[in-house]
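Multiple structures follow.
Note that subunit A is present in both complexes that follow, paired respectively with subunit B and with subunit C.
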Partner chain A sequence: MTQSALSKRLLDEYAAVSDSLPTDVVSAERRQEAIQALAARGLPTTREENWRYTNLRPLERARFAPVAAAAAAAAPTVIPAGLDLPSTLTGFARFTFVDGTFAPELSSEHAQAGSTVRNLRRAPESSARRQGSTAGTRPLTAPSGCPEASLALLNEAFATDTALISVRGGTDAPQRVELVFVAVAGADVGASYPRIQVALDPDSRLILVERHVSAGSGASFVNSSVSVDIGRGAHLTHYRLQRAGARSAWLDTLTAVLAADGRYSLLTINTGGLSARSTTQVQMAGPGAELILSAAALGDRQQTQDHFALVEHIAPRARTDQTFRGIASGRARVAFNGKITVREAAAGTDSRQSLRGLLAGPAAEIDVRPQLEIYTDDVRCSHGATAGKLDDSMLFYLLSRGLSPEVAQRLLKWAFLEDVVSKIELPELRRQIEHDLAGQMADAASLKELL
Partner chain B sequence: MSETENRLESLLARRYKHGFVTDIDADTVPPGLDEDVVRLISRKKGEPAFLTEWRLKALRHWLTMSEPHWSHTSYPPIDYQAISYYSAPKAKSDGPKSLDEVDPKLLETYEKLGVPLHERARLAGVAVDAVFDSVSVATTFKERLNEAGVVFCPFSEAVQRHPELLERYLGTVVPFTDNFFASLNSAVFSDGSFVHVPKGVRCPMELSTYFRINAAKTGQFERTLIIADEGAYVSYLEGCTAPMRDENQLHAAVVELVALEDAFIKYSTVQNWYPGDAEGKGGIYNFVTKRGECRGRNSHISWTQVETGSAITWKYPSCILRGDGSSGEFYSVATVNNRQQADTGTKMIHIGRDTRSTIISKGISAGHGQNTYRGLVKVLPSAHGARNFTQCDSLLMGGKCGAHTFPYVEVKNPSATVEHEASTSKISDDQLFYCLSRGISEEDAVNLIVSGFCKTVFKELPMEFAVEAQNLLAVSLEGAVG
Partner chain C sequence: MLKIDNLHVKVDGKEILQGLTLEIPSGEVHAVMGPNGSGKSTLANVLAGRPGYEITAGSVTFQGRDLLALAPEERAREGVFLGFQYPVEIPGVNNVYLLKAAVNAARKHRGLEEVDAFEFLTLVREKMRLMRMEESMLSRGVNEGFSGGEKKRNEILQMLVLEPRLAILDETDSGLDIDALKIVANGVNTLRSPARSLVLVTHYQRLLDYIVPDHVHVLVKGRIARSGDKSLALELERRGYDWVTGEAA
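For the complex of A and B:
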């Protein structure tokens, strides 16, 4: 389908459902602006430098109208029986969204002093939640100038609900919140638009666990949008675990701004979806801000796992540490495109990128692009990237110790991911993730024994 | 006569008015580019039909293309219809009459580089009749090359003497459809060099355009083709360290290298064209397509470049590693000062088994200069055991310059190993302090550190070039310190 035809379909679909989209989540004007901007710009194509590794074919087939728009009129979202959600984490308040809309019956709120978490879409039984105004729903960082963030516009136009988290300072113990997004409906029914806004007041602390899972056919179209605002001296630890269904298209845009001495530890593990793409855009706006971005991706069969991470340093003495580990098996493509821009004012910037890809299948592909764009001299920036197979000498060592080739290979793959997994500071979560990862790797039984 | 016919006739007459199809023996065609201009160029050069047709095909393709803008550079739009695409070699009398008329800045540079007196006149384009010894030198060279069977001549001469080689190899590495500037070059290329080293021959000397037999200007659309037959060896030097006087602002050259089985081609470039003044006015746009293909088993192509000149440099000398066991190398030093912009790097395309490539790139940015390394390492599914190592370092001098690194690593074979590492920093205060405390002046200390930074590339240059390149670097970074 040509770009213009696609843009036209986008506008048509929007016009058909625009009246039913909740204005308390995003105002009608902003939706209109977003859809116009997106139609004018066009949906991304692989001809664009930062989309060339993405599988964008699902965009051509997807129905853009949200599932909720189709379902809301008829009946509330049906939660499938036997929905297998990840087990809860001790001390975390859980909020579950099904196809982008809040599902109170699957959520367990812990009242936590110092933070508020709410969804903006009125739940049928508790109209008290409804916001009279759209205060607090400031636009996500304007993506107009950034072609990489164009899918956030798609989310803005069609969003059905928002998870709004605001954390106040003054308590030492970090707030703990878990968000679970479940995609149920297939792409033929409609799309799902998870949407999160996180705001941390100065000196506040938050640990946020964000999960994306699928139920049902596993062939959903998910386009999520996350906006993070980290105040002066605030710390956010953010775990993003994407385990969408094996036939899903999962697209995601995250924008974050860090004020002075803010600290953002973002850890992403992408294993699901047939075509997955994450766009992460972080601006180091305050002096002394710190970003630790760790990402792991596993691709198997025909999967495409693409991650684009742009970090912009505009204030002095900020620090970025980027780590990526990706394994491509089968016929999968695993790509990581990490770009760090250091503007003139960002003297004393210290950045490090370590991107490594492992090829574990005869027709697999690894694409890594560590990019640096630097406009001042007082910096220390380095990057390293590798793509290749498992180290023969390590394999030999393990074989000489009597391990079978299969076990030795799995063990080394496991160790390869440890650079990212070991950064998970919550033991309970780490165990869960390790089990998940072991499950993703072929012949998981022997690995699970090792855990 | 009907009205339609009248109009038709007047249209025909108007077309004729431009006179491109006439046989007027013009030295320079009016600005603009169409099929008539291309035919004219081809006829002027007495080219065989296949070449004329090839040029026309290139032009037709070029007309369908739009200028690329993905490079990390900025410049005002170029009006391609305002350029004159053919001019006969200028008469020597057009140049300055003596060294006294030459820009003193240029002479100062020659002094610093230690260019011999008699060469200065030639480089500055002074209309001296007897240009030192070059005629006799060239003759001696020609004899030795003839003995070995090496063909080294201007491209236009090769068209007459070796059309069969041209027909076989021209455009096989860089097809006329390759990119905007290569297509333009294919349509209107003026002249260049042609080298053919026959089977098993080791070229007895370094071939250098500096001493090239055709003293005439090769113009802005240069085209070079080098073929190393089985087991042949050739080392080719392009450019020279001294700045050349040049009136053309846009340069769109194409270089094609073909290495057959066990052949070895080493291509070194020192580019020091006019970079424009300190405010970024003027200067050459150097938009070049350079590519070599290792066609045979165990063939080898090595690119070495020292880029200090030009307002904008946009070039990616690349290697297509098709033959099993073939290897490619890329060594580069790129310096930008004042308002210069450079977007340069390489592409290594691994196709054959056990192919190897090495990339060493050193970028130095000073003043308001913007220096970009852009490189692609691509391993195709057929390239079992492919191996690449890339190192690209950037040195920043001053808070207004930029250093950018855009590497692409794309691997489709699980037995391949690709490594890339890069660092960007300013000159270490510790190193500087150490030198200063030993009584070395700041300028010398910086030169020393920069030389050390570039050492791995300079050692790839032929000996006498390496020494000149170091001086050149010091000159081009002048004013960047302190």
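For the complex of A and C:
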């Protein structure tokens, strides 16, 4: 399909459902602006430099209208029987969204004094009380200069709900929130638009666990958008775990802004989806801000795992530490494109990038790419990028101790992810993730003893 | 136990072992000495099955079986152990996990049940005390951040836990100070038994003060140029390798 035909279909689909989209989530004006901006720009294509490794074919086939619009208006979310959600984490309030809409029956009460969590979409019966409330918060429009964030516009136009998290300062213990997004419907029914807005007041603390899963084996189309605002001296630890269904398309845009001395520890693990793409755009807006971005991706079979991360330093003395570990098996393609821009005013910037890919199949593909754009002299930027196969001497060492080649390879793949997995500070979550990863990497129970 | 007959091995097209013949009976400790480039490490690696070595002629029989026909992991499970000259660091693979996986691989091969976790840890702790290793090393990655001496001690620890029938220690003494050398030698000596054979590959005589060999062989240009008892090592130390290489030339 040509770009113009795709843009036309996008506008047509929007026009067909726009009246049914909840204005307490995103106002009609902002939806209209977003869809116009996106149609004018066009959906991304692989001809664009920072989209070349993405599988964008699902965009051509997807129905953009959300699942909720396809269902009868205001019909309650259908919870699939036998839905198997990840175990809850001790001390975390859980909020579950099914196909982009809040599902209170799958959520737990939030009773933490230092923060507010709510979803923006009001239940129909309470619509009277909604009168006069201001719709949504800040617009999620992609900042100029980051055309890669354009899919956030798609989310803004069609969003059916938003998870809104506000954290107040003044409490020492970090707030703990878990968001679970479940994709149920297939792409033929409609799209799912997970949407999160997180705001941390100065000196506040939040640990946020964000999960994306699928129910059943349907081919879903998910386009999520996350906006993060970290106030002065605030700390956010954010775990993003994507294991969408094996036939799903999962597209994602995260934008974050850090004020002075803000600290953002962002750890992402992408294992699911047939076509997965994450766009992460972080602006180091205050002096002394710190970003620790750690990403792991596993691709197998025909999967595409693509991650583009842009970190922009505009204030002095901020620090970025970026780690990527990706493994491509089967015929999978795993890509990480990490771009760091240091503006004139960002003297004293310290950035480190360690990007490594492991080729674990003869037909697999790894693309790791560090990009640096520096406009000032007073910086310390280091980067390393490697793509290779398993280390022969490590492999032989394990064989010489009697391990089978299969177990040895699995162990070394496991070890390869260690630089990311070791950064998970919650033991309970780490165990869950290790079990998930072991399950992804091996049918046999051979890794279980590790855990 | 081990019978090597007329072994010829090429590396990158160059013949390194040129008709090596050596027999090591059960219960004996043999030292293989020789100048740099004589083929000592090649011999050790070929016996363990490291890829990259082309065997052009000869045979190696281990307990009556064709050793060269076995994959490296099968050799290990049959009881062949190589102590590496340069043990590799494997961050992310836990030391104790590797030990346990190795023990269980060998047990499964012999039709035995998996080792009991508690008994296993008790055994490992005991062997670690013998090797004067900190217990915290167990939970670290294999050789990760270990000093040269710690890596060598870890090799011997693995050997003590695996209890191989044939251990080949490749330059285990290199890079060790005298205290570490004594600890390593003491560890090796506890394993000496009538049912077990040891091959010590070494450049220097020093190790043999602490692990006294039954036989000493001098390897020159890929062949055994001279064999003798432990006094041969002392004579080599006194006269230098030129004495043998000159003779062999």
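Simple rule for what comes next: the second predicted complex is superposed on the first by the 431 of 451 C-alpha atoms of A that agree within 3 Å, B and C clash if a C-alpha of one lies under 4 Å from a C-alpha of the other, contacts with A are read in each partner's own complex, and residues count from 1 in each chain.
FYI, contacts are C-beta pairs under 8 Å (C-beta built on N, C-alpha and C of every residue); 3 or more make two chains touch, one makes a residue touch a chain.
Small disclaimer: the values here were computed from a predicted structure and weren't measured.
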Review point. Just subunit B (first), just subunit C (second), both, or neither: which does A:394 touch?
Key: second
Exercise for review: Go through the superposed model and pick first if A:372 touches only subunit B, second if only subunit C, both, or neither.
Suggested key: first
Exercise for review: Go through the superposed model and pick first if A:425 touches only subunit B, second if only subunit C, both, or neither.
Suggested key: neither
Practice item. Using the touch definition from the top, say if A:403 reaches subunit B (first), subunit C (second), both or neither. Key: second
Exercise for review: Check the residue A:12 against both partner chains and state whether it touches subunit B (first), subunit C (second), both, or neither.
Suggested key: neither
Practice item. Considering only the touch criterion stated at the top, classify A:364 as touching first (subunit B), second (subunit C), both, or neither. Key: first
Exercise for review: Identify the partner contact of A:60: answer first if only subunit B is touched, second if only subunit C is, both if each is, neither if none is.
Suggested key: neither
Practice item. Please indicate which partner A:383 is in contact with in the superposed arrangement: first for subunit B, second for subunit C, both, or neither. Key: first
Check your understanding: Residues of subunit A touched: more by subunit B or subunit C?
Key -> B
Exercise for review: Take the contacts of subunit A with subunit B and those with subunit C, and give the residues found in both.
Suggested key: none
Practice item. Enumerate the contact residues on subunit A facing subunit B in the complex. Key: 49, 344, 347, 357, 359-389
Review point. Okay, in this complex, where on subunit C does subunit A touch?
Key: 48-51, 71-73, 75-77, 81-82, 84, 87-88, 90-94, 97-98, 100-102, 105-106, 109, 141-142, 158, 162
Practice item. Note which residues of subunit B are touching subunit A in the complex, please. Key: 70, 72, 365, 379, 381, 394, 396-426
Review point. Within the complex, which stretch of subunit A touches subunit C?
Key: 391-394, 396-405, 407-408, 411-412, 414-419, 422, 449-450
